[in-house]
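Order as written gives the chain letters A, B, C and D; numbering starts at 1 within each chain.
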Amino acid sequence: MDKHFFFIAFIFLPLTVLSRSRVVCDTVRSEILNADRHFSVYLPPSYDNECADKKYPVLYLLHGMSQTDMDWVYRGHVQEVADRLAYSGEADEMVIVMPDAGGDIYAGVWNGYFDMPGWSYEKYFFDEFLPYIERKYNIIGDKNHRAVAGLSMGGGGATGYGLWHSDMFSSVYAMSALMDIPEKGAAKFDRPDDKLAILTKTVMERSCICFVKEADDIILGKLRTVKWFIDCGDDDFLLDRNIEFFQAMRDAGVECQFRVRDGGHDWEYWHSALYMCLPFVSRNFK
Amino acid sequence: MDKHFFFIAFIFLPLTVLSRSRVVCDTVRSEILNADRHFSVYLPPSYDNECADKKYPVLYLLHGMSQTDMDWVYRGHVQEVADRLAYSGEADEMVIVMPDAGGDIYAGVWNGYFDMPGWSYEKYFFDEFLPYIERKYNIIGDKNHRAVAGLSMGGGGATGYGLWHSDMFSSVYAMSALMDIPEKGAAKFDRPDDKLAILTKTVMERSCICFVKEADDIILGKLRTVKWFIDCGDDDFLLDRNIEFFQAMRDAGVECQFRVRDGGHDWEYWHSALYMCLPFVSRNFK
Amino acid sequence: MDKHFFFIAFIFLPLTVLSRSRVVCDTVRSEILNADRHFSVYLPPSYDNECADKKYPVLYLLHGMSQTDMDWVYRGHVQEVADRLAYSGEADEMVIVMPDAGGDIYAGVWNGYFDMPGWSYEKYFFDEFLPYIERKYNIIGDKNHRAVAGLSMGGGGATGYGLWHSDMFSSVYAMSALMDIPEKGAAKFDRPDDKLAILTKTVMERSCICFVKEADDIILGKLRTVKWFIDCGDDDFLLDRNIEFFQAMRDAGVECQFRVRDGGHDWEYWHSALYMCLPFVSRNFK
Amino acid sequence: MDKHFFFIAFIFLPLTVLSRSRVVCDTVRSEILNADRHFSVYLPPSYDNECADKKYPVLYLLHGMSQTDMDWVYRGHVQEVADRLAYSGEADEMVIVMPDAGGDIYAGVWNGYFDMPGWSYEKYFFDEFLPYIERKYNIIGDKNHRAVAGLSMGGGGATGYGLWHSDMFSSVYAMSALMDIPEKGAAKFDRPDDKLAILTKTVMERSCICFVKEADDIILGKLRTVKWFIDCGDDDFLLDRNIEFFQAMRDAGVECQFRVRDGGHDWEYWHSALYMCLPFVSRNFK
């Protein structure tokens, strides 16, 4: 073998070192949704090397409207970010589960993380999907080692899951979250079968902001068992609702990190948010 | 028009605001290379709105080995980064020109920014490509408003262009640069027609490090008219050569910024480097 | 001279290189305030080296309640930050003027940047102080090369000066600004000679938020000639008023950067803000 | 109580919330050094609130030449940084111990963390000081919950302590470290009683770089049980020695983070380094 070959090999060695992680694309049959549902799973570098009984913390990472789980993989570059942060020690090795709760809504595909007429996604998520995932993969599977995050519609989903299932997650990281429908966006529902109209109506009914404002002491006590992080760009059209959510949490005495960074409602923001999200959820695994 | 529609429009409004920029894909005939050469050009948001005689500063942005100009567009997300930084004011609106000096070298395609037997790319770049670009697009076209940057092989290209054409550029930003061949990579040249062997030999002969170490006072005086920025990850296999280049510049009294950030030889590094590169070259346009 | 000495000298050489800047402490007689007023001036590294007619852009940097100009020097470390950013090129060399509009308010000393009964500070600032400073020091002295920034009471002062004297400043950077009195802080004015009560009343009457909300198109047109940056910590008790100011600006179509970083109402926040403030005002000098 | 008072109280409330931590200044009698030795201890916010048996991880934080422990307090602002990072969750609550191994060396005061003729500081540190501290304060006191960091001479001290006492520390963070004497600083020792000459000679004999280069597999195995972080500015006169140390570690297969940030050998660098250091050592407590 000549040295020339060695040079080539040497060039790609660092990539190889970091690339033992993998993203698995898989499907699960849902009786609740009466459909096969796609999902992607990031398995960290040591996943295949460790003996079978090593178990990992898990992050559920939710996409936005008209996106699917593949957007986190191809545009969010979740694998590259997670590999880097695990390598430098800034985040723990973890399993990252990306469910598919969307697709092109204008083409008539269901979108949304909450239960709505015709689409019981929340029930599916907690009764079918999550148990299936945590059986199939090497996941610790308790509140202390489970987090949820997401962007836009998925940021609202992550926040809602944290609010209504506070016994399930140790932390929530919401990016550019659809906490409610922005003031000017109140839709007229002239076509009751329109999936976007149904989604809009559901998001309004399940307003994260109202939930916190109306929460009693028992609920607030539960919310304080979760660590919260709200992250939204100064040019994001959803900013005001994120502000309101943060203020509601703060005024209710629920500790909540809040950041407004430079940016809009776009992938540059969400990709960079991963660099804060993965360390945050790692710090709160215990 | 119902409010529903308004909600949808509202969602995508911010994206629209930021997306008036465009990336043009074009081709130029080179007599020197006896070939049609592809290139991409980022035109900033105001480019098409301004009256025809508004002219912009220009950044030449060079890709790495076995890549093409399209990698900066599709994986470097250069348009999104440039839009964001121009919008927030952290970088100037500029034209970003991405030439193609590569492709799959293992499939027998030429790679490289310097002149080598059979591939006079440097001559092409300065005699044909750059003049053609600066005539065709609204570019100011003087040293004070022209910069060059690149990654890996293109980082070495950018550095070399800055060293040997210091009258042409106001600043150079080198990412993970191939400043020379790493120690262990000295190739044996048993196949003199092997394009990778020719590239390797040329990079060694045109070592950026040796050039600085051997530079006389007249050359050093010229190098001091350029602003330099060297940026390389702590896990990059090219780090040591970047250190040597920086040390040579510093010891020769040529002011040179140097950063070692967390990272390897990969797109996460180069993408994040754009957020430092575009403000840097902007600061040095005058 | 032995080598030993050389080692010692070598150790302090880098400090020397960066320390040619100086902070001048000076006093000016004010007829308006009928008092001698103290101030500090940062003169950049090249100030004393350049020929006498080199002129610099200027930043007016305002302190908070019960502080003085010396707090920016001793706790804000303004000299060290400005030296570093000028050395790396991230900010321009500029003159930084720190007026004294305070001292221990609980000890009966006047505080405040606006005109109030018994303390015509704004009149003093624009009629006496600023002209005096710009005559005495090598300052360009036009809107394009003049900026104002400040923290807390001085953040409100900087914002107010920008709003009411938009023809004077190219940019405003407000840190943890007292944009108005926070909701819960509405004071009862039982002692009309109480200087804190007078300050509180004046800040409420000169509310930056109300001014923007009530501004007509002519005023808004003027505000758009200034670049604005609002920076406030997520744990700051003044956050909500900063949010309201940003929202008022955005809704009025006045471009305004907004950041909420991790932090409270303290010097760690303000010191780190200088690293964003000086590059921001530099970008907007032209 | 009028509302006015409330406003004032409200203003200082956030500071109060964050300021329950304290810095204790204390002295210990050393038989080894035959002297009373000063030290400072940062006790985190919950320290006094928790029941007496709550124990904390500990960071030993070492100052530079001609400095004392007070410099970390007054110029490093260690309390403010530690409070902030604990409050936001980016670092654990920990006890931070700042020993005094210095003072004005030009006034004839001993400086240095290693044993040298007349100054057995390393023996004192491990045999007297550390056991005393960990008995007196609520410190867990095992390798997994003990870290060491420092700047300049103290960065070399921290690195040396990590190298020679790898069973004692889980992580080491070295800022602008005196890993060895810089090339040009080799002193002539014409006055054998000169404390700076003795310090210089000792640092050369205890070169961190040589130790790693000469380490056998058993030692390297021990070094791999520690997490390492080397952080040095691009304008620091000690940079080259830090590069050599990192390269030695990397080439010996000891995982080591390395950063070169913008900056020199000054407090702006060391203060900002705390924001990386405290999260780093926290991640490596387990």
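One rule holds for everything that comes next: a contact is a pair of C-beta atoms (placed from the backbone, for glycine too) under 8 Å apart; a residue touches a chain by one contact, two chains touch by 3 or more.
Note that the coordinates shown come from a computational prediction; the quantities given were computed from them, not determined experimentally.
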item: A-D or A-B - the one linked by more C-beta pairs in contact; value: A-B
item: Chain A and chain D: spacing of chain centres that average the CA atoms, whole Å; value: 38
item: Chain centre separation (chain A, chain B; CA means) in Å; value: 35
item: Overlap residues in chain C, where contacts from two or more other chains coincide; value: 88, 90, 257, 262
item: Contact graph of the chains (line, ring, star, complete, other); value: complete
item: Interfacial residue positions of chain A with respect to chain D in the complex; value: 88-90, 227, 257, 280, 283-284
item: Residues of chain A defined as touching chain B within the complex; value: 2-4, 6-8, 10-11, 13-15, 18, 65, 77, 80-81, 84, 87-88, 90, 181-182, 184-190, 194, 196-197, 200, 235-237, 262-268
item: Chain C to chain A touching residues, read off their complex; value: 234, 240, 243, 246-247, 257-262
